[in-house]
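Please find one structure pasted underneath; my questions will follow.
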Amino acid sequence: MGPIGANEFLFILQGLKWTALLAVIGFIGGGVFGILIAVTRVSKSATARAVAAAYIGLFQGTPLLMQLFVVYYGVALVGINVSAWLAVAIAFTLHASAFLGEIWRGSIQAVPKGQTEAANALGLHYVSRMKDVILPQALKISMPATIGFLVQLIKGTSLAAIVGFIELARAGQIISNQTYRPLLVFGIVGTIYFIICWPLSHFGTALEKRMAKAAR
Amino acid sequence: MISLEKVEKWYGAFHALKDINLTVRKGEKIVLCGPSGSGKSTLIRCINVLETIEGGRITVGGRVVDGSSKAVDAIRREVGMVFQSFNLFPHMTVLQNCALAPMRVRGMGRAEAEALARKYLERVRILDQADKYPAQLSGGQQQRVAIARALCLEPKIMLFDEPTSALDPEMVKEVLDTMISLARDGMTMICVTHEMGFARQVADRVIFMASGEIIEEAEPDVFFTSPKHERTKTFLGEILAHH
Amino acid sequence: MNYQFDFGAVFERAPELLWATLGTFGLAFAGMALALVIGVVGVIGRTSPNKIVRAPVIAFVEIVRNTPFLVQIFYIYFALPLMGIRLNPTATAIIALGINGGAYAIEIIRGGVESIGKGQVEAGYALGLHKADVFRLIVLKPALRAIYPSLTSQFIMLTLTTSVCTSIAAYELTSAAQRIESDTFRSFEVYFLVTGIYLVISTVMMGIFALISRRYFSYPTR
Amino acid sequence: ASLEEVKAKGTIVVGIQGDNAPWGFVNSSGTQDGFDADVATLFAKEIGVNVQFQPLAVANRIPALTTGKVDILFATMAMTEERAKSIQYSKPYAANTIALYAAKADKVSTAEDLAGWEIGVPKSSSQDKAVTDAVGSSATVRRFDDDAATIQALISGQVKAVGGNQFYGQRLEAAAAGTYERKIDFLTTYNGVGTRLGEKDWNDTVNAFIDKIKANGELAAITKKWMGIELPQFPESIPNIPFTVN
Amino acid sequence: MISLEKVEKWYGAFHALKDINLTVRKGEKIVLCGPSGSGKSTLIRCINVLETIEGGRITVGGRVVDGSSKAVDAIRREVGMVFQSFNLFPHMTVLQNCALAPMRVRGMGRAEAEALARKYLERVRILDQADKYPAQLSGGQQQRVAIARALCLEPKIMLFDEPTSALDPEMVKEVLDTMISLARDGMTMICVTHEMGFARQVADRVIFMASGEIIEEAEPDVFFTSPKHERTKTFLGEILAHH
């Protein structure tokens, strides 16, 4: 039994650093692949659409925890130097890309058809049509949902604790293992999550309200 | 300039265009009218390959519209199109809307494309709004921007699909004036519109469609005063009653 | 890669996996039922004109939605006994899932309730119905129909969240997987297989939801 | 790397646990600490090189050694026949006693007395195996993520007993003085230093080192420092687990 | 049957009803008209307590409308209301829509309630649609169901708030006919409507409101041919121009 002093608190904050980094990596990696998934999901080829749909179905239909386990051990099997960090980053990227892909697919389809037609009539090619016309509008439409998922992702990083990666929740576990004050430690950890997630959630809801108002 | 021969268009089991034959010479102005659902939009959308056809042949500027992406590219560069609902890109300023195609399609640099855009914005008398976003403009202004945007491709042919029907009455005139001035400059034009004043003033020919067919084709004076077909008469009766 | 896959040792434990799958289904369904109850009751509080009723519901929703489930379930399991409420892991898991899903359900259902026109409510009052009847008989079903897709995808997530209940040793699939893993050392095989089972579970769930929708929301709309 | 290469390079890479206090853990200031870290540091000094720690997850310890990512394991490795087929163990340098802890008020002396109880253990730990083997299906075994959760489960009353190691007594005492006691000893496991199979120079050096620190009291001091107990008795041999390369 | 004395209604700072005095006898048919925003809806909504009033007194069937839930219950049982936008419950069949209030409010069994519902569906000539859902009916049919639903309460008074103004022209007649037939049967009715034909045919009195006040009150013949007030004249001029 030990007290929770500055050192312990600092240690938890170090876990926070990894949580943040993990969320950022997942968000960026997931964002890049998510765009690919979204674009594939609305492509002309039925096969490509089916593949993207299957990918989304797979990652939305299985627990993040399992995805972490499978990637963690799967990456090890392929013989890559398994740092927990790499495995967890890959798992989060895969997971996030499926969810963001699906969110963005919806947003792409929410862009009025006239926009595509106008772009076509101007002779714009696929890449320009997507990059200059459709995606910027889709991105705006998707903002509330995207932010909502970011919150989801930040909270989801806590599951990396179960595979032993030392992020915020795991740092809390370690400190509670040293100090034997699990309730206090988890209270602190929960509060830290709340402090990060709540403003984001709030921002997302406000954005949604503003857009709903503008649409009226 | 444009010729359609025996064109057939199906939407699934629905026969949208039936044996359409039409030739448009350089500099000619055609007004296309007819009841809702008669296939007017479909017809002009086939010309710049927004729709594919199931039979017949379309040539634009001597080039056959086949599926090949090369032909599609070439034709879309020759043909500007203005939609009923403007379809401006809401996330770009007026200037950016106009400069986009020159940059992406004709490979211009930004400065050159913007100069071109300014030229055509001036042409439609809206240069002072260049840095606004579409949502900040009135409907009539938006439609003029849409016209300028199409002109920036420096097309040989302009297609208009009911360009004034989404506008409040006060704004119709400013758009029609722009179109009339384009017509005076010798642009080849096909306009779907029910603005009879416009048709009388600029059209070389009025074409009347119903149920996917071209029913009647005549000079405006003849068309409005002595239509041959029953359907044309009924139709004219209806639209004139509302004016 | 010179790893020899061996699913044999894992397949031997099939009965255990089967029971655990049922456990997961059980947790999921019970959690959903509780979430739905919390959602519906919570919505009444959330939309109350009385601030003193509304504020705690809002606080509940915000806290639950902005902290990880892992932290929540841990708290419920270890902190409640200190207040004299001792629940076994299964009950704890159901409560944690219900609370978590319920907070989301409140917000989702609220969206549905707000999408129901004022005219419907007034028509109910004009017919002499009381407030509770108006909510129960007139508002609820169309509201649920309006938000059914979001609610079901939230419930699929809730189903998948049951896997986190392993951390309080609830009886479900992930716990079984971890046990089999520590007995056989066939980590990849176990988790690969169990991931497949989860995929089947969520697919079955979606099928069930579609069936419910067809039965319960079959009335036509324009 | 071979012992010669390590000496030439001047640095030894030690595989260790990163999150298992007090054995091996990254402390609040971010550096590797714990019982294993102290012993490994002493060993590096003995062979005259610098020490570099590589924290490893439980499942990665053996692969990291066999693939050469680390030179040696001071990684809280309980010696088992199974593992001895993959790595070379040294003589034991630490012991781990698995026992059952429960409230003083509860009368229990054999595993049979536990019928119908709920017993907590950390998931996949030695306690897990020992308790599960001992009670079979007569009691319910609840498996938690770690020691803290297990101990909290007992204190919260979520379980009636826990399977613990030698630290549990001290921790339970700190949490609720005078309430719990050690009831049944299941088994004692011994930790050895891991080196690659067949590498005799490593194994010999480690064994000599262990003999030395056992004799001069340094191991006893480290044991006292981290575990609060005296140096336990170590067996001379364990069946099917050779301490030396033959 | 109904009396309003010095009724005052405020929405925040907005004075919606000003010193309203009105007595409706049993069997009387009142038509309420006036420009948009004049307070017609507000007035009839006060009668069955969908709105609370800030001053004055309303009695319905001898019972004072105070805030008490007992009075509210009693009054709502006596008063049927039909809305502009029908407000049928989309998740219930026509029969269920009609049987709901008898079961929940008057405590009938299902069989009895459904028999009652059938009776009134017959009355509005729509019994053959009893098992359809509202979305499957035309607007006119929906409004007749709404009337039947209100009738199932067996109310002594019916309130109509522009029951035909959301309908396509073809459907207005079927609803008006239903209302006329109700009027013939002696139902006490207050109708907000601008259907002048209906007013002439059935109204005992026409009441004209403007800006929350009752401006004029007269028999239909007098009202339409020789209105006293300027505002009434302007208003009549406007609505007659459209007919």
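Letters A, B, C, D and E name the chains as they come in the text, with residue numbers starting at 1 for each one.
Please note the rule applied: contacts are C-beta pairs under 8 Å (C-beta built on N, C-alpha and C of every residue); 3 or more make two chains touch, one makes a residue touch a chain.
Protein identities per chain, from UniProt: A, C = Amino acid ABC transporter permease; B, E = Amino acid ABC transporter ATP-binding protein.
Values in this document were obtained by computation on a predicted structure and should not be read as measured data.
The fewest steps needed to get from chain B to chain C, moving only between touching chains, is 2.
If you take chain C and chain E together, no chain is in touch with both. The set of chains in contact with chain A as well as chain B is empty. Chain centres here are means of the Cα atoms, and by that rule the chain farthest away from chain A is E. Counting contacting C-beta pairs between every two chains, the top pair is A-C.
Seen as a C-alpha superposition, chain B sits on chain E after a turn of 170°, to the nearest 5.
Using the mean of the Cα atoms as each chain's centre, the chain most removed from chain C is B.
Computed centre separation for the pair chain B/chain D is 81 angstrom, with centres defined by C-alpha atoms. Centre to centre, using the average C-alpha position, chain A and chain E are separated by 55 Å. Mean C-alpha position of chain C lies 40 Å from that of chain D. The distance from the centre of chain A to the centre of chain D, with each centre set as the mean of the Cα atoms, comes to 37 Å. Listed for chain C are residues 74, 78-79, 82, 167, 187, each touching two or more other chains.
Chain D has residues 59, 145, 149, 152 in contact with two or more other chains. Chain pairs that touch one another are A-B, A-C, A-D, C-D, C-E.
Taken together, the chain B residues at the contact with chain A in this complex read 48, 50, 73, 76-77, 79-81, 83, 85, 87-91, 100-101, 104-105, 146, 149-150, 153. Within the complex formed with chain D, the chain A residues making contact are 1, 7-8, 10-11, 14, 73, 76, 81-82, 84, 162, 164, 166, 170, 173-178, 180, 182-183. Interface residues of chain A facing chain B in the complex, by the touch rule stated above, are 112, 114-115, 117-118, 120-125, 128, 132-133, 136-137, 140.
Here chain C touches chain E in the complex through residues 117, 119-120, 122-123, 125-129, 133, 137-138, 141-142, 145, 217, 219-222, going by the rule given at the top. On the chain D side of its complex with chain C, the touching residues are 59, 120, 123-124, 128, 142-145, 149, 152-153, 156-158.
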